[in-house]
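Below you'll find the structures, each written out as structure tokens.
The same subunit A turns up in both complexes below, where it pairs with subunit B and then with subunit C.
Then we have the complex of A and B:
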């Protein structure tokens, strides 16, 4: 376990030295700072009487602050999920190929660390990075709107958790791909294809109904059955912000399904990594 | 070697477990009820208004310059006075009865009430023959089909008196034969108007005979939309806020001068109230105060676990119409599901009361 954590920590240290991640945290911080400086929300007794962004009046109609901000939080949750996943995939694409690069892999294998620990530690490091970025962004938005309007939407942290879970699946796909082809572009491409397939798997019911040939419909059902429902997780990330909207049991089940799929990919990656000669 | 294959077996097993966990669809999220708000006349309502325009307009004065004749009018709108002291509200009873909530409303009101049975004996079924019902200050009017209605069958009635070619007047009497103080007028067996002020009733019948008053009525043809529509004057508005927060009640008393009301009852209940104030600043203050009151009420409902009330209050809004015109629009919506539950309770309670009364008999 200690070896696993050491590998994960090593990845975080490497991430800190990269400008990409400084950029990521700077971008999140700048967005939050910009919002805090230029968003003028006039709140009186829990009612949002007017909102201005960069001096322009967004809305002059007074309405309860939490009702008025609901679309804002939903947009943040949706964009955070989709853009966050895509950005992290692109930013982290070369970690696994870098791990397997000639020279470095030999040095790592000479250490008293098992191969599976090396791979799983790298995966844990990637997840920690995503959790830090997601948590920082979500907490920033919660605090910003909380201070300005008195509406503390802590459920945004749950939305961020769904986003991190989505990245957990994509990161496993990137690691598995890297054990087959040592290319950052192919790793990122595979993760993005899985992201799209995950969205298609989420819409398998309407797509299946639209396929007229029964054999084709069955084939489509079988093909998408093991895929994680990444689109549905995105819907959950938004629904968690609305009262009574989330089907908790389904959210738990599909989240577990996505995580188990990620572990399956990780197992395939370890299998491939164990058999590889360096 | 065996260990290497072990990872593959684990991977395949996890894939199968993942597929099993990812099967099925999540439950459809309960959507936030979107209530239809009566903000303007629909095509169906315009056609309804056209059908009702049967009363010829009064002829122009002989000395007036020649111009195109005015179109016929809706008798109800023609009967309305140009000004009211408190309220002029029209309810489309037949439309409400035939709405999605109609049967439950009828059950809640109690179709088997002895009063309604008495009316049926006199040839008038209130649940079948009424088209509209309205209140104009102290006066009540009902439109519908009164062809089979024979008031004499109700007993205790003064002799009917003809009032012009199309109307009759009569007064109900007490059991001892004394006057009740109430007066009724019937116009062309289509419209009945009643109240304590005989002069007001006669004035209404006069306007009907003349095809409308010399001044436009308090409600225009353009405003006759929704299942409930009308106007509330300052006095009536104050009465509505009697039990509210004293600060809000005081602000309403100082600022609001008139409310034009429209309610859609076709499925959910959507209410739109255009509030006119004494001055633009006062109206804006009132809008802000009402919004805050709604927000606080909503937060209170949330804090006390009244989720349905909180949902209803989240649909309530005070919207600015045009900047500085001294008006704003208050919108509120009651979802069908909530009303259905309440009306079902009401109908069940009423049924139980009737059953108890039957047992006592």
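Then we have the complex of A and C:
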């Protein structure tokens, strides 16, 4: 466990010095700072009476603050899920190929660390990175609007958790790909293709209904059956913010399915890695 | 003899075959005694790096066994007792030298202070410098420091002086001698034969995946005859009478290892007024031994 954490810690330390992550941190921080300074929300008796950004009136319709802010939180959740996943895939694509690069992997394998620990530690590091990025952004938004309006939308952290879960699937795909082809571009490509396929799999029913040939429809169903429903996870990430109750059982089933898929990919990666000569 | 590493029948087939050669290593048997400094030499493609990778469990043998420090290289406890410097070390360039060593120390669970290691390799002033600012030689020195983390019992160094300037090489040699004095076993893979000769006490010559020569350096490089040096050149008839041959370096070759004959020749030459200034057993350089061994 100690070795696993040490590998994960090293990945975080490496990420700290990368421009991608410094840029992300700066962008999120500046956005939050900018909004905290220049977004004025006037709340009277729990109702949002006016909102101004840089002095310009955005809205003067009076409505309950939580209702008025819901579209904002939904937009944050949706964009955070989609853009966050894409950003993290691109920014993290070369961690696994870097781990496996000649001259580095030989040294790591000569240390008293098991091969599975190297790979799983890297995976843990990637997930920690996603959790830190998602948590920082979500918490920043919650605190920003909480302080300005008194609406503390803690459920945004749940949305971020769904985003991290989505990235867990994509990160496993990147690791598995890297054990086959040591290329950051191919790793990122594989993860992004899986992201799109995961969205398609989420729309299996309407797409299937649109396919007229029964054989093709069956084939499509079989092809997407094992894929994680990453699109539906995104919908859950948004629905968790709405007042109507989330179908907890469906969310749990889908989350478990996505995690099983991620662990299967990770198991494949470990299997390949354990038998690989360097 | 207590062996720090021992391989028996070690064979590694090429993954996809290679024209004219099926094996990178072919039934290699080798034993390196504890405390020795062993040089593995051979031409490019001889299988030296493959051997090291099999030794450390970085690659898996097709057949044969490897014993390292009395255990298997797959055993993390065994790997905790060795230090390795790969041929082409890849460093995380955004880290500092100290951060890099800390990372290695964490993975090795070594608790000893790391700054003394940087001092030993001549990098104390660069502890907090980013590795991207390091020259090739400095990176190599740092790799050497990383190999020394945890005071390993076995050091496996693949081209340790690659990229290091001549003065730096002297320091590295001194460091290897210090390690040998501490009882550390050193396995050295280097193309610099003269350098290997200066620090190693045993040598193995690999050629086409096979160990063609192996043994103590002195025994491998020893050739028949003695080199005699005189204050002034002996008369030509004396040289002819005692079968002495002039060498390029100003000495004279006495053929054979017969001590009685050598003494008789010396007595005759001294009686004729020659003054002997040096008498050395004749030896070949490692380079000559390698040339002769690999044809």
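The rule is short, and it goes like this: the second predicted complex is superposed on the first by the 277 of 278 C-alpha atoms of A that agree within 3 Å, B and C clash if a C-alpha of one lies under 4 Å from a C-alpha of the other, contacts with A are read in each partner's own complex, and residues count from 1 in each chain.
Basically, a contact is a pair of C-beta atoms (placed from the backbone, for glycine too) under 8 Å apart; a residue touches a chain by one contact, two chains touch by 3 or more.
Source: prediction; values computed, not measured.
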{"item": "Comparison of subunit B and subunit C by subunit A residues contacted", "value": "B"}
{"item": "Which of subunit B and subunit C A:3 touches, first, second, both or neither", "value": "second"}
{"item": "Which of subunit B and subunit C A:87 touches, first, second, both or neither", "value": "neither"}
{"item": "Touching partner for A:227 - first (subunit B), second (subunit C), both, neither", "value": "first"}
{"item": "Which of subunit B and subunit C A:106 touches, first, second, both or neither", "value": "second"}
{"item": "Touching partner for A:18 - first (subunit B), second (subunit C), both, neither", "value": "second"}
{"item": "Common ground on subunit A, meaning residues reached by subunit C in one complex and by subunit B in the other", "value": "275"}
{"item": "Complex interface listing, subunit C residues touching subunit A", "value": "15, 53, 56-60, 76-77, 79-80, 82, 84-92, 94-95, 99, 103-104, 106-109, 143, 146, 156"}
{"item": "Complex contact set, residues of subunit A against subunit B", "value": "44-47, 49, 60-65, 67, 116, 201, 205, 225-229, 232, 235-236, 239, 242-247, 250-251, 253-254, 256-258, 260-261, 263-268, 270-271, 274-275"}
{"item": "Complex contact set, residues of subunit A against subunit C", "value": "2-3, 6-7, 9-10, 13-14, 17-18, 101-114, 275, 277-278"}
{"item": "For the subunit B and subunit A complex, residues of the former touching the latter", "value": "3-5, 7-8, 10-27, 29-30, 32, 287-288, 291-292, 294-296, 298-299, 307, 311, 313-314, 317-320, 323"}
